[in-house]
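Presented below are the structures under discussion, each in the form of structure tokens.
What follows is chain A paired twice: with chain B in the first complex and chain C in the second.
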Partner chain A sequence: MTAPSNPTLRLQYRQLYQNSLRYSLLGTCLTHRPALWNQVRKSHTAITADPVPLRKQLKDEARRKKAEKKASPKSSKTLDPRLSRWELTVGLEIHAELNTACKLFSPAATSLNAEPNSHVALFDAAFPGTQPQFQKATLIPALRAALAFGCEVQRKSSWDRKHYFYQDQPNGYQITQYYEPFARGGTLTLTQLDGIETSDCPEVTVGIKQIQLEQDTAKTILQPPSTYLLDFNRVGTPLIEIITLPQIHSPTTASACVRKIQSLLRAVDACVVGMEMGGLRCDVNVSVRERGTTAEGLSEYAGVKGLGTRTEIKNLSSFKAVENAILAERDRQIAVLESGGEIEGETRGWTIGQTETVRLRGKEGEVDYRYMPDPDLGPLIIGQDLVDHLKDTLPMLPDETAERVVNEYGISAKDARTLISLDDGDRLEYTEAVVETVMQRLASLPEKQSFDKVGKVVADWVLHELGGLLTTAGVPWETQTVTPERLADIIVHLQTNQITGNTAKKLLAHYASLQPVAEAAIPSVSKIIDTSGLRLVPLTEGEYIEMAQKVMAENPDMVKAVREKGQKGKIMWFVGQMMRRGEEGRVEAEKARSYVERLLEV
Partner chain B sequence: IPYSEPSLILSLGATPSPKQLVDIIEAALIMLARLAPRTRQTRYIHARSFARTFVTSHHRQISIERDTNGHIDLEKLLSKPTWSVASLLPPKDQEATVSEVSSKQLHHLLRLSALPPPKDAAEEAQMLSTLTSQLHFVKEIQRVDTSGVEPLRSLRDETVQGESEAELGMDALKGALDMEETRGTHYRRIKRKRGVRLPEEGEQWDPLGTASKKTGRFFVVEGGKND
Partner chain C sequence: MLSARFCWRNASRSCQVYRNSHSIPQQLNSIVHDGRTEPGKSTDAPGSLSGKTVAVKDNIVTKDLPTTAASRILTGYVSSFDATVVQLLRQHGAIISAKTNLDEFGMGSHSQHSHAGAVLSPFSRGGVPLSPGGSSGGSAVAVATGQCWAALGTDTGGSVRLPAAYTGIVGFKPSYGLVSRRGVIQYANSLDTQDPTSLSATVRERLGHKGADAKRLRIGVPIEYNIDELSPVVRATYLRTLKALQNAGHILQPVSLPTTQQALSAYYVLAPAEASSNLAKYDGIRYGYRTPGSDASPKNNSPLYASTRGEGFGEEVQRRILLGAYTLSSEAIDNYFIQAQKVRRLVQRDFDKVFAQPNPLLDRQTGAHGDDGGVEVLLTPTAPTLPPTIEEVKQQSPVESYMNDVFTVPASLAGLPAISVPVRINGKEADGLEGTDVHDVGMQLVGQFGNDELVLQAAEVVVQSLTSS
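Moving on to the complex of A and B:
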């Protein structure tokens, strides 16, 4: 919009523009004065109203919305009213593949994605006359799993046969520990950080009834309509079945429980294949009961009284599926009971994307597994010295590690857990190495930095900066090239104000993009700073004073407000203006403030 | 607990009771063991803390004949059995009027065991009568008093020494524990070493070699419902 040369006309145009703005849709949105970006930019215009920065505008909007929300409290998740009458009870049965070199009863190797039918022993293929040979190396991860839950390891346990005919079971029976499992009675505690339901907070303790060893079945691939392709690589792989007591009362808590069990097993190196790879499978037992009823007339399981009839949902293959299936089944059972029906003890299935579970099998009595002790195998006798040794050398469990990290490094609990879970704990190891190196270098300097502060900074860099770079580049952690020493170098330079934050990020990006070459060939941080002239030169006193005077000259009203009206808060406004005008990182807030105060004679 | 020298005197005037028979046999075995040359494998057969008693309902007293010198004619003594397994079966003259097993139960059991169902009513009747007599047999066996007796699951060396040999402790698992490494200095973790195992001899065969139905490297099973 070109301005007319006539000053009067110019003024008229300006007024017209501002009027149109005031009554336009845009103008009505701006409750206060027109924003800076809406002004007609002219070098000589004296703006009638003070321009409001966009930043302030957005902040005011956000503040207003928050106040509105506070005025009318509305819960984000409306609680199902039926839950005030009905209580859900869930018990979990988790099958986890043990981390072993060979199978449970044959010396064939365990494998994950090997060529089909390439690791099959004669016993696995159920050749007549073959006998099971217990592989004792499978005891180590099994015992570690039992100790991680605090279970009591039974000195003597026995093997039983569970008979059923199915194409994935070549022997016609599965060798399991039905009558005498090898571990009994443990506990698992979940807190809010594990993701339990808010109504279960602050913590919920789930009892573990028993842990038993058993064999896995073959992998079947269905070719519709009814042809099965079988791969016996998985037959006989050792599994542990972890049976919890029915002490879980919400779907979210159940899903959190499965997640916690997986992380615990991974931490002790008992089961390293996760649920998404099929290494951990979950069956759930769901029942509902009316709140406030007595235990008479209701069933009992392993000492937990007052349970309704339960249904079993089999083959849940993800954490989300566990949560959704339990939710759907709970709603179905409540609907049936409220309409006067009865729950049948049946087995149901769930596929992702469905809204209700489907019935797979009828009552429990229809399937008879004809359990009998296996006569080919002697009892499993576990020595106490082995249990004691494994207990003493058990790795620190994730909860304890998180607590240690939070206490030692001042990192937030959430960040600590993320660090522990990423890359099998390698990320945390890296972080700790960097912190140690940084503290060593800083110790030689006169100004002391606290361990807490350094820990927070390093964790932030490892998780967000370095992690972000690697994710964007699609580089997995194992192949990244930034050594702990190099990252420590960057952080030390940053903490001692030799470089700005932006420069540090650029340096990190540079190092992360390097090809893996010999250490000597990579230039050090100081070298790069010197050659590229990235060193931060702080402002001298003269420069501070000059800048402060400039700002004050341009804003006499603010100066007047501080000097005469005594509005001390506006001092920081001056500091903010100086930081905006100065080169990035060169203006230090504290120093600027002291100079401004001195100049304003406050 | 070493077994003390039995101080029983075999009075051949009466049939040795089952308990006495057990004692006699154990004593004989101990004497034989002591006579045998001492090798490192010799084990003392320790007596149990309880004795197995077999009480049958048919306990007939037989008088043993002796000749004038007091000797027993062993051939004559052992020619006629004093006990037969037929005593545990229902008597032949007793008509199996009502079968204990219903037709529905029979079909359920046959399905559980993956056995073919009976072709006609006659075969079914024969199966039912066989099952009934088998149940009678089992019931007779179940009348034995086994309170306090541990069921025998398999023939194992159940002595104290045998148990200590079967125990899996540190020395048994030493090889497996060496296959692990500690990872990390600040955050210590245990990891099993991968790729150190040699291929087993047992894996040098082709599992699909004997398969009649296969596709590529997979076994093929038709899973249609045809029962």
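Moving on to the complex of A and C:
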């Protein structure tokens, strides 16, 4: 980052600063409580005897989707013929704010929207004679992140200063881990469900080169035309920088990778503020090379050989921006190369809504960061006991959770992902509670019941029926009033043909609309069914035949069409008519169909 | 740099020296902010230092007096907290009497590079004032002229020991890390001192055992310090001191510190590199001097803060920032900064090989000699010559002026405790010396890391041996 080339800077920090600088007295850092479903997961450690491998299921789903895509030709937006000649390569550098109570090198509190300059220690504002004090607790979320990507935590790492002049950096340098990062060598596997490019299916693995700890900068607020206000609350907030290997070959997959990194960081509680709130920012390195060329004469990065010259696009702040910027830069580089030009290693910028990246500075304009080991800070020594402890207590990762849920409950992989991503895992926990209850109730019934579809049915009800009701009513998940027991009751009644689907929906709507009252005051599902006469009483054979005959008598043309022209499809029309005429929920489609077929002699 | 304590044990004697000289303190420019004129100050706080006046080098922050580090860039700066060393002094009843002049940010060997003007020694030669040494020249002159009971300096590469030697007083630099650096304005932190509580328990435990008897010291005489540039008077005083010690029953032992020659070069790579980093914070935004008008000059397309920093820093500071920025640049770092760090490690290893006591900072016991081989302290001159006059200093190139630190820098690179004690020039040695000239030569004692107490005892031994002989 360098100063904008020529603006007149009138930094009015002093006024802002004098009245509002306070020192945080927070002596210790606290980590946030793990999400609910993480706390629960220990009760689900059993592995089913014969699990359907998640990979296989994912592959099947990918195949199905592929077929669907072929059927609908509307998604042809990126089928550029030039791509058969040129291959794109992308590496990512992701900066994520750690979920910590205090800053990396001062006890001042971290904050998101606090009053400007209200959380600034003297060291954060670079006052003479102040020194960094490493806050150990910031290590916990950083290590969780490293473990989530399977990185090797380094016993010894160290701190370096990265120098550049800019008003958002009071010390004139950022403390980072340039020479010796605390974690190296992880991987991240992406599947169709993560939204990768079709050509990357069924899965693609991206290497994580390293993860390093570093400080965030101040917020600069431009007051047009030329005044910059500085808010130092963010100065020194701990960040991790995650550097991937250049192993991504599509813009869609790159953006899916960023999305997945964010969800992983959330899952292990390492970072809670998402990209939309500025908690995550991304730089991308983009290059293209002609397919089939040898590594000779081409660039190399971290052991990955045969790359074209890369450009770096800085500071992308949304998933869409990542995808679009890479797409635009890929096309620009291909155009340059096809017209016989050369790619210059340079830094480029991207503005949302644009179609082209813009050159910011070339190699000669590159800042020399003059990295130097920080003489104020000793090496960071991380004990294996801490790493082991965090490894043992690491929340299950989204992919693992999905696999478990799919195997244990037969919920589809897609629904499992959706459930995991909602309400910090609370939705999944709820679903599991419902499934458990439904299975117990069914098992206690005298007749033998099928459990095959319970998981899928429950997931449908939680996601679509209950989810739909809440969305329509604008009720947030945390305040909804349907307990898992109630929903399980409704589903058991439905599964055992005691009520119709419609009745079940109405019951659910009833419970969802209740104001929170004492549990005992709420009538049970079976009580409502009985008092409101909702229990399904099956039609007798005579009643079915009588109804079918009536419909046939009223519609001789349709009867003719079936009997004489053999239009068997029309049978279902008769079924539909019967369903409509019958008392709500009493006509069962399958039975109605068999009687119609018998009477029509087909 | 940072907090090396100036321990002026022989202050009263030095005051007498001053009475024989002809300058008046006010003209020597040793004080930049006088605290005693401030009204409402308690002068009789209880404690072991009750009523004692202590002057503090102006790169150590104080709440009640401005702290400028003798730089225009810190014009009018008043710290919101006291440095830990100042807090401790006040707690023990000392009166912080003044802030003393220095080379800007501690960068210099003669206290001539100050925004507050050059410091003059109370001694002179041919009517021209001598160099008081630097960078803690103001503190040294304040003690030598009796303006205070003692003074704090800071020692990055000799900044306490050299002025002590040049003004005939005692100057002590503790082990790196023994005294807190909090509140000391950074110059080259890796060469300065830190709070002892930051040392690991193991190191502190190892610091515990002394194992040396000050009555019969094994004193190392490094052969590499016997250089051609050693002036006759310094050589003669040095030899007489060694002889006196031997006569008093101490054992002299020649030792070799082969990396000594490279140490100075390494120091002048490392210190400016750290300085260029530490001084990056002075941008005129939050405190201190700021250029009038815009600081991203549209006139000549100069980078951010160029005007503020160009106007705020003096020539020597700018020279070292540029030097440091270069040696850290991606094209030069391998040839300069990295090499210098390696030299630094070799210097430390040299010392570890000659000391009887192992270095408590190292897990592996490197080359400790045990009973027959190792020495307890090293004795060398503090500087190769008597102080030059300030006119001679002006004629020197920057590199020539860096030469003054040749004997003090190795102990700084290794973080070892070192003290400079004045030895009176005697009889024939004083031939040709004017009455106004300084009549002491600084002798330096260096001990193994953590042996600060032994180094102080050895200094007493030197003084006693010379008195009795």
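As a working rule, the second predicted complex is superposed on the first by the 461 of 602 C-alpha atoms of A that agree within 3 Å, B and C clash if a C-alpha of one lies under 4 Å from a C-alpha of the other, contacts with A are read in each partner's own complex, and residues count from 1 in each chain.
The rule we apply is simple: a contact is a pair of C-beta atoms (placed from the backbone, for glycine too) under 8 Å apart; a residue touches a chain by one contact, two chains touch by 3 or more.
Because the structure is a prediction, the values reported are computed rather than measured.
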Which of chain B and chain C A:Glu93 touches, first, second, both or neither: neither
First, second, both or neither for A:Asp423, with chain B first and chain C second: neither
Touching partner for A:Arg161 - first (chain B), second (chain C), both, neither: second
Which superposed partner A:Glu180 touches (first chain B, second chain C, both, neither): neither
Chain B versus chain C as contact partner of A:Tyr371, first or second or both or neither: second
Chain B versus chain C as contact partner of A:Glu432, first or second or both or neither: first
First (chain B), second (chain C), both or neither touched by A:Leu230: both
Most chain A residues touched (candidates chain B, chain C): B
Contacts of A:His119 with chain B and chain C, given as first, second, both or neither: first
Which superposed partner A:Pro128 touches (first chain B, second chain C, both, neither): second
Overlap of the chain B and chain C footprints on chain A, listed as residue numbers: 122, 125, 163, 165, 167, 172, 230, 368, 370, 375-376
Chain B-touching residues of chain A, taken from the complex the two chains share: 99-102, 106-109, 115-122, 125, 136-137, 139-141, 158, 163, 165, 167, 172, 221-222, 225-232, 267-269, 368, 370, 373-386, 389, 393, 395-396, 401, 420, 424-426, 428-429, 432-433, 436
Chain A-facing residues of chain B, complex: 112, 114, 151, 153-154, 156, 163, 166-170, 172-173, 175-177, 179-180, 183-192, 197, 199-200, 202-203, 205, 207-208, 215-225
Chain A - residues contacting chain C, complex: 2-11, 13-14, 17, 122, 125-131, 161, 163, 165-167, 170-173, 230, 368, 370-372, 375-376
Interfacial residue positions of chain C with respect to chain A in the complex: 60-61, 67, 69, 74, 77, 79-81, 83, 181-186, 188-190, 273-274, 276-277, 279-281, 283, 285-287, 294-296, 298, 301, 303-305, 325, 328-330, 333, 337
